[in-house]
Amino acid sequence: MAVSTQSSTVMNNVEAVRATLYEALKSDERVVILGEDVGARGNVFLITKDFIDEFGPNRIIDTPIAEASIVGIAIGMAMEGLRPIAEIQFADFIYPAFNQIVGEAAKTRYRSNGEYTCPLVIRTPYGGGVRGALSHSVSIEALFYHVPGLKILAPAFPADVKGLLNAAIDDPDPVLFLEHKKTYRLIKGEVPSGHYTIPIGKANVVKTGSQLTVVSYGLYVHWALEAAQTLENEGLSVEVIDLRSIRPMDKTTILTSVEKTRKLLIVHEDNKFGGIGAEISAMVAEEALFHLDAPIRRHCAPDVPAMGYAETLEHEYMSSPAKMAEAMRALVRF
Amino acid sequence: MAKTDTKGRALDRHGLSNDQLRAIMRTMLMQRQLDNRGFQLNRQGKVPFALGSEGHEALQAGAAMAFRRGSDILAPYYRDLGLAVGIGLSPFEIMLSIFARAEDHNGGRQFPNHYSSKRAGLMSFSSILAAHIPHAVGAAFALQYRGEKNRAVLATCGDGTTSEGEWHESMNFAAIHRLPMVMLVENNEWAISTPLDRQMGQPEIWKRAAGYGIPGERFNGFDPIETYAVVNAALERARTGGGPTLLEGMCYRFLAHSTDDNDMTYRTKEVVAEHRKQDPVPRFEEVLIEHGIMTRVDIDAMKKDVLRETNEATDRAEALPYPAPAELYTHLYEGAWQPWQ
Amino acid sequence: MAVSTQSSTVMNNVEAVRATLYEALKSDERVVILGEDVGARGNVFLITKDFIDEFGPNRIIDTPIAEASIVGIAIGMAMEGLRPIAEIQFADFIYPAFNQIVGEAAKTRYRSNGEYTCPLVIRTPYGGGVRGALSHSVSIEALFYHVPGLKILAPAFPADVKGLLNAAIDDPDPVLFLEHKKTYRLIKGEVPSGHYTIPIGKANVVKTGSQLTVVSYGLYVHWALEAAQTLENEGLSVEVIDLRSIRPMDKTTILTSVEKTRKLLIVHEDNKFGGIGAEISAMVAEEALFHLDAPIRRHCAPDVPAMGYAETLEHEYMSSPAKMAEAMRALVRF
Amino acid sequence: MAKTDTKGRALDRHGLSNDQLRAIMRTMLMQRQLDNRGFQLNRQGKVPFALGSEGHEALQAGAAMAFRRGSDILAPYYRDLGLAVGIGLSPFEIMLSIFARAEDHNGGRQFPNHYSSKRAGLMSFSSILAAHIPHAVGAAFALQYRGEKNRAVLATCGDGTTSEGEWHESMNFAAIHRLPMVMLVENNEWAISTPLDRQMGQPEIWKRAAGYGIPGERFNGFDPIETYAVVNAALERARTGGGPTLLEGMCYRFLAHSTDDNDMTYRTKEVVAEHRKQDPVPRFEEVLIEHGIMTRVDIDAMKKDVLRETNEATDRAEALPYPAPAELYTHLYEGAWQPWQ
């Protein structure tokens, strides 16, 4: 983390996104924000509140409800020298933009042999635990992380939100920036002032431990930390890794940890089958098989489309610190 | 955009009987009552979310009257409480949806107001805007394919939703095959905080019809009788081989977008109050009274009855359980498929 | 395989698809085919040639170029009692339909608690080796296999094509049916006459062996068989499994084989990172870790968007029987 | 749809100089020559694929003449060989694309005719139809945003491509922001095998413009001068703050869709021959001769020169190598990113 100033402020994740966007708009005229209700409403989570008053409707662009073109137009802007930050109101509505993201943004540089580039950030809130029901709760990372040409970030802490969002905005290639909406106001932390970036593709060991490696990201990092603390109190030592970056992923940090603890639990809110835990497990099975003292386990959502609206269904779908602690215990004791 | 005010003129009732006019009135009152109930329950902390449809009552009750129960198909969107009630969903069914109870058609899986009822011919839809329009087109194709004359599909959406690519693709396909379908746009001037002039280059959505080669028409969605007449004519054309129609009903969203929204961040109290003067519910009450179809006493009795029914539905639904946790795993496929098996 | 008649014919994969569609149209009035150029042109691979003459434009529906609505309209047909078979002309053009497939088709039954269903087949040719360049060559299975509510099939042999396509058409839920375009005319085989289905979710051991399990699907099954034969001649014994079904996948067949051979090589044409090989590897690492005598290896495409048009680029992107044999040898000898 | 035949009338040259008219002629001849060369190379087994644009010559050469080099931006599609040449790509660059040589702008990665040239202002595009239209809109937004007056974006696509949702979304957005953009639809009556009446409910695409609130116009795309005039006026309007225009140029696809297609499965020789009578290339030759702008001898010399240049370009490109296998791995990101690192 290359922090350029000493001071810092306590912020939640919404505030961290907002502060970062604000500074980007202030410091680079090429930056524009486009999306549904980002103008007068200031985004449905108030992330861009009042921006339109300061930067005007040409930089804070309320779009029609048309996600394919939100991304597609942002691509055109990026190809022509702007630095667009496109917002998809909820991650669940990114599907119509799939063609533009996967077929176009990810391939612009490649297909033109480097002649055209696509420096584009797509921000979107994802994840559950907010009674968002079937279509305001989904995790989308696994639908995109297979795609060469994209980068995907999913920070969990306010300081990472700022450092990685800055890195995404500075990046010369398309970045999908995932914000867990349940962490928006729940998670607070110190955020350094001034411009700094956190390198894309670096995971973070957020708790050291010796008997089990837990890899997670987003909201579940916080719950995994809670669970790890519970185990700590029981005398069991768990290391927790916050991936932060989903494409690229940080092999070194994961392998270093697994070679030490010799056990790996992957935890994510997204469905298990074909989720990003599959790739993590496969990488470890390829590179560190003989370091393992237990099977690699994945603690993930059941294989249903998403959580239902009813409290009971959401509760059943989501994990919890208690459920995570149980999965950790089982593997430590394996 | 005329005729709402019938003062001093004979009522052009477009063939609607007194019973039908009273039924429209009741649907409008019921819509408003259930709507308010949702917000009330939200304020009481009993439900985490509610979504109002105030301002859409006349449009929806009028359109519902044109819908032929038992044969037409409705492909609605989340603001269609009045249409749902108007085509035959019970207040109890509405409350099941609001409370996300196990008995709800969707088993408490979807957001409130995302109805679904095979019995009523109301097609299941998601929260993803415009995604249901191609489904409506496909259903209309099925009707035409099977030669089921005298049936049609009524699809609805908001003004903002017409910007989606899937909306365009659907209109185009319906036009090519002259499908028995009516695309009814409920233009309430807002898409959450986005006004019409940020949604489209010119504000008359019905004018897109000519580009597709189908009839298009705009009407006053504050007038349930005019709405009925226009929607009925379009549905009748659809049922009799005349192909699809694009309709644009003008109304207004009196409330915030939902309980999660604060509309005072993007519009003023004054502008809303100005539109409130045209509130279709009291206006239609007056029309019926003026033309001797109902008395004030009748209407008050009707309101009481609607309130009673709403209360009963609320109590009955509230008392029921949420779906059991095990319900999370059902109805994904027919049969018990696992990704690894 | 429940074969209902004795006789059989030699067909290639195009002919197998065509014959199956024809029989479905003949036997079930609810079946309609819709897609670009499926009418007079009879599909760009001539799969539906002359169908329009026999079944008419109401059943063989030439659609506008609008993939989201091809699938979306098919969903509406399916919800209203028809049995649509939608075609996406090339798999590369399925991206605009992503919302309808992932957001809608996969969730229709679930979100309505079983009240509405979506018996829909989406057929599409995928894969490379035909000089299709960046946008007529892609593999798409990994973009969809994570999605609860879908089934995904990718048969490699004509008899499987017919049996599985019949199963897909009979299935009461949405099925994505992937046809490897390079196998269309290349691969021939006996196809039983009459109606039969092959159960969805069952892999097939297409060659038995004792020293290594190779799991693949599509074109690469044929190349893997060639490579396995080469190793056989060298005295090395390789078992080859043709997945056939990608969601659901067949755990039993894979585990049974791996427990015997104690080594696993996954081979696919699609990119490695987040490809379906990741899930296979993760499943084995979870369930059979201590049966393994070597790391699990994945022999897959490099992480670039797709093959370029130039011969050299396509050649570099694709594997080959020789490259596969090399990967097999390395693992057998591990 | 008139004026193609100028017989006996004075030439309405819309301000085009003789040099410009001759340049248009040359672009048309070059387009046809390069086109044929692609097919020829395919027949010779030297390239696996070719895609012709015969019938689009007048439309493209006329539009290219209206394009302002060095400032306008072109967002074309795969059938725009003549536009590419007309705005300044060399025959050698075209042949590099056809042969997929390492030196090609795209490094031999894309199908032939998928040009890309930052120098010429030609935006990279993929094979996915309509996907480039929002890019054109975004580029037009960038021009407007930066206050770059006198610049505009010319986007093109086929008739069939207007059915895509992204096309609609793009038109709508361009209209809202009155962007400096011209949407030029090259209506050649076919989308591979699909005729207009299976693509849309009414065949006049330009009529959709009213629905977006922008000007729309149809013109005779067999007449390069009319094309120039119409496209020029629209581009000029765009460059001077007048917003976007939807143009529909009528032409015809004389050849099969590509070397992979056999158009005789869906249309007859006769109908193609009938359209061939309007072939814009010989017709424009006649126009220039009739009006004394070129002689037959001039034109023959021009054809010879075009052939010579094509031959040279062919030989030069053919002699060059394919990209090295290691090129597969370059230009995915800036820098050397691996998914695992």
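For reference, chains read A, B, C and D in written order, and residue numbers begin at 1 within each chain.
Simple rule for what comes next: a contact is a pair of C-beta atoms (placed from the backbone, for glycine too) under 8 Å apart; a residue touches a chain by one contact, two chains touch by 3 or more.
Because the structure is a prediction, the values reported are computed rather than measured.
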Selected from B-C, C-D or A-B, interface repeating A-D by over half of its contact pairs: B-C
Centroid-based (C-alpha) most distant chain relative to chain A: D
Computed distance of Cα centres, chain C from chain B, in Å: 41
Mean-CA-position distance for chain B and chain A (Å): 37
Chain A residues counted as touching two or more neighbouring chains: 63-64, 66, 68-69, 92, 95-96, 99, 103, 107, 110-111, 134-135, 148-149, 247, 273-274, 303-305
Sites on chain B at which at least two other chains make contact: 107, 109-110, 126, 128, 163-166, 169, 172, 176, 198-200, 332, 338-340
Chain C residues touching chain D - in the complex, by the definition given at the top: 36-37, 39-42, 44, 49, 62-69, 92-93, 95-96, 131, 133-136, 272-274, 302-305, 307-313, 315-317
Chain B to chain C touching residues, read off their complex: 73, 75, 104-107, 109-110, 114, 116-118, 123-124, 126, 128, 131, 133-143, 145-146, 165-166, 169-170, 172-173, 176, 330-334, 337-341
Chain C to chain B touching residues, read off their complex: 32, 58-59, 63-64, 66, 68-69, 71-82, 84, 96, 99-100, 103-104, 107-117, 148-149, 151, 172-173, 201, 247-252, 283
In the complex, chain D residues that touch chain C: 48-49, 100-102, 107-112, 126-130, 160-161, 163-166, 191-194, 198-200, 260-261, 265-266, 322-329, 332, 338-340
Contact footprint of chain A on chain C as seen in their complex: 68, 92, 95-96, 98-99, 102-103, 106-107, 110-111, 134-135, 142-143, 145-149, 247, 270-271, 273-282, 284-287, 289-290, 292, 294-298, 303-305
